[in-house]
């Protein structure tokens, strides 16, 4: 079977783990993150960047630690837990005993860009009261983030920052629904 | 075995993200897009163009980011969300908590053409009231769009524009059913 | 694994999209086409022509865009929709909200011939009232169509025409049952 | 691996499509054909001939258009439809709306022979009233048919004729049960 | 993948199709044959002969038309049908409409031997009344049959004869239970 | 690929088919044999012998006609049927109509040894009344049998004899429970 | 498939089949052994030894007769049956008719070591009353056993001895619960 | 095909098996550990270390004895059993008879680092009362542990220590809920 394929390098999204003054703690709120939907063309283990208005590059040898969807779910959950300083943040699907009060649905529509240029995150997030299942808040988040260097590591870092900003919006949203 | 296959290039349909004055916002309407049916010979990961009246070319190394069907669903949903300025646009199948008021069924009969020539979009779309499941409006959309350049990128761009125009029709349709 | 196989060419059946004066519109009738049964030896992605009274040729490198059965279903549905000028024509199986008033069962017994010679279409079609499920009309259609040139493209074109003629019979049948 | 296998030639059983004076039309009878059982050693896509009293030849490169069982079912149904001049002949299993009045079970015990020699068809056929499910008539059919030439095409033609004769018996049987 | 394997020759068990005076017809009895159990080491598509008291030869290139079990079932059913001159003999499992009055269970314990020597058939057969499911008759059949020539064809012929004799016992058994 | 593997030789366990004076017939008792449990390391199609106190040899090219478990089940059933001179001995699982009065569970713990040395059979057998499902008799059988020659055929013969002796114990057990 | 892999040698755990004076018989107690849990890294067909505090060697060509888990279950059951001199010892899962009075759950946490050094067995065993399902006794067993020689056979022998000692503890435990 | 892959070395997490004075025994508490969730990119049989802020190395030839998730579950259960000196510690999912009073849910968010540098364990643990299913205590544990040497064995040892510390926290937590 010919020469072995070149070794892949693996990347993970990381939580921006510094609490920001912008968000007050809500340390006995319990939150469930997900289901998180990502666009079909991003939901794979290879990292995807855009090369033109309607064309993308699938990087065979630059891959996520597992799948992009899991990376996004885990990072959002970790951010919200840090921002609100509550350990009670679970990822969908959760055990009965871990049923949260509030559930955050996230649908990501765009989350790609170019290394050395920028990344756009375009997502819809919605907070639902779990026991009544009624939808309290639905918001559209769209922002473009500059990618410092022209390499995948910096690209992934930018995506982490983008999720950090989105998490702050969601955390503020949780504050507003709790306050009602 | 033998020489590796040439690298594929990957394309995505994109939303025409400029609100047009033609369509007023309906920002607390909730809409569900799908199921979207596409012709058998287009429902694959390769891009398809027509070569004669009844023959097509399946481009092995020019592929969609994932499948053509998912690309069409995601782009229609994004367009309608932008046109009506509502975040509450979900893709079929949706979670109970995201059940929309109106559901848009789309059956695409023809959606191909020739690079450097034109693309024809021939589709039936139908708006259904979700809680009563009765069908409010069924329309037939058929229009031909010129393809600027003789390459796949431009072909894909034209298909994006075609879906943009179809989305405007659907958005106007939603206005008419809401007005009843 | 040896030399790659020669590239296949792909064909699709096309609707004869000119309304004929023979058939009046029935533009708010709703029709469901299928299940459509095709003979075992034709239900494949390769195009089949007959070489003798009881022998056929299976063209490995001349193929349908997807399967012959789907091509026939989609083309019949499109023809009927154009002939009766109604968008409400669905292909079996349909969603609850798209349940038609009338359902057209089609069993194709013979639908092959020779390039440059002719093609014979031998089919049974039956119109059923969907809510009562009782059968209103059953007809046998058999007709031979000349194939202009000695190539597959012309063969496929002839098959398209044959389905066009069959569709007109079915459209007239729908008129007769509606009139009762 | 290595040289490709030689190309196969494909055969189909054909209906003897001339109404015979022997059988009167019964043109609004509805008949269901099947399940049709064929001997294990014939139920394959290769054509089988016998080489000795208890040995057979399986022709790797002479094959049925699909499987022998489907060919027999389709040809019997077509013959009966032509003989009784009724379009309402369905093959098991059928849709609810196509439920026939009479169902014909066929168990084929022997249906092989030698090219250039003869073919023996040995079968049990049984007519059952569908709504009451009780068995009206069970007959044993056994007859030997000469094979004109020493080639598979002629062998297949002989098998078609054999099924033609069996169909006439069944058609007469249907007349007798209807007359009761 | 090296040289192709040598071509296999295929064999079938055949019914001894001469009614014997020993058995009177029972021409409106309905009989179901099976389930027929065969020893694990015989239930394969290769023909098996014994080479020593406790060792067997599995003939890779001498095979049954399909599986040994199906061959035995079909041949027993055909024999009983011929002996009792009744078409109503079905093989397990049967359709509701073909439910027989009497069911014959057959468990074959030994059914092998040596070419040019002999074959021993050791089997238990049992007749059960189908509607009451109670067992009317259970017999043990064991007999050794000479194999004329030292080749597989003659070996298979001997096995056919053995099943012929067993069928006669079963036919007589059916007479005795019917007479009760 | 490469040289074919050497041809395997196949063995079967055989019933010691001489009634012994030790056991009286019980010719209308009905007995079910099984489920029979064999040790994990013996339950395979290769023949297993022991090479040391806690090591075994798995003979790749000396194999059972099918699996060791089936061979043991079939041989025990045949022995009991011969010893008690009753045809009504079925192997688990049986059809409803063949439900036996008594069911014999057998768990084999040790059943290996060395060619030219000896074989030890260590088994627990239990007789259960089928309709009440209560256990009537549980016995432990352990005995060592000399292997005449230093070859697999003789080893298999010894295993057959061992099962013969075990069958006699079980037959006597059946006498004792029937006598209660 | 270059050179064939070297032949594997296969090992089995054996019962220490000498009743010890330490344990009195309980010959009409019925005991069920299992489910037996073994650590993930041992539950395979290869034999595992430890090479450092937190590293192990998986011996590709030294394998258990089947899986380590089955070997442990069978050996524990055999030991208990010999120690208590009762045949009524079944392995989980058992047939209804073999339902035991007492069920022994065993969770093995550590069961490895070094050839020529020693093996440590660290296990939790628990006796449960089957009909009431309440837990009567839970004990922790941990002991280190010297491995005589520096080879796998001696290693396996030591593991057999370890299970022998554990079985004695369990047997004594059964005495104590029976006595209550 | 081609050269075999280099041999892998296998590692296991080990319990820090010295009771610490910090934790008092609770020797008749019954605890269930799990479900334990680990990050997607760690849940594999290869050992994972981090190479940069958001990139990891997957060590193809340094692997866990089985999967990382099972290693973590088994080690936590063993630690808690040793710390609280109770044998009654089961791993999820457990048998009915082993249902614990308290269940410990563990979600590990970060558990990687660099050889010769350090490892960070970031986890949420929660104690739930099993019969009432209500959550008694939820804590966030995050600590960084130095890795002594620049090799995988030392890295694995550090991860074992980290789990040891986490286990102590959980053990203290169990004391606090029991005390309520």
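A, B, C, D, E, F, G and H are the chain letters, set down in written order, and residue numbers restart from 1 in every chain.
The rule is short, and it goes like this: contacts are C-beta pairs under 8 Å (C-beta built on N, C-alpha and C of every residue); 3 or more make two chains touch, one makes a residue touch a chain.
For clarity, every value in this text was computed on a predicted model and none was experimentally measured.
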Query raised in the report: Starting at chain D, what is the smallest number of hops through touching chains needed to reach chain F?
Result: 2
Report summary line: So the chain most remote from chain B by C-alpha centre is F
Query raised in the report: Can you tell me the C-alpha superposition angle of chain D onto chain G, nearest 5°?
Result: 135
Requested in this report: List the centre-to-centre spacing of chain A and chain E in whole Å, with centres computed as mean CA coordinates.
Outcome: 68
**Report entry** Length of the line joining the C-alpha centres of chain C and chain D, rounded to whole Å
**Finding:** 26
Query - Mean-CA-position distance for chain G and chain A (Å) - result: 48
**Report entry** Residues of chain D touching at least two other chains
**Finding:** 1
Requested in this report: Could you classify the connectivity of these chains, where an edge means two chains touch, as line, ring, star, complete or other?
Outcome: ring
Query raised in the report: Taking the complex as given, what residues does chain C use to touch chain D?
Result: 1-2, 35, 37, 39-43, 48, 52-58, 103, 105, 107, 109, 124, 126, 128, 133-135, 138-140
**Report entry** List of chain A residues in touch with chain H within their complex
**Finding:** 1, 9-15, 64-67, 70-71, 74, 77-78, 81, 87-91, 95-98, 153, 156-157, 160
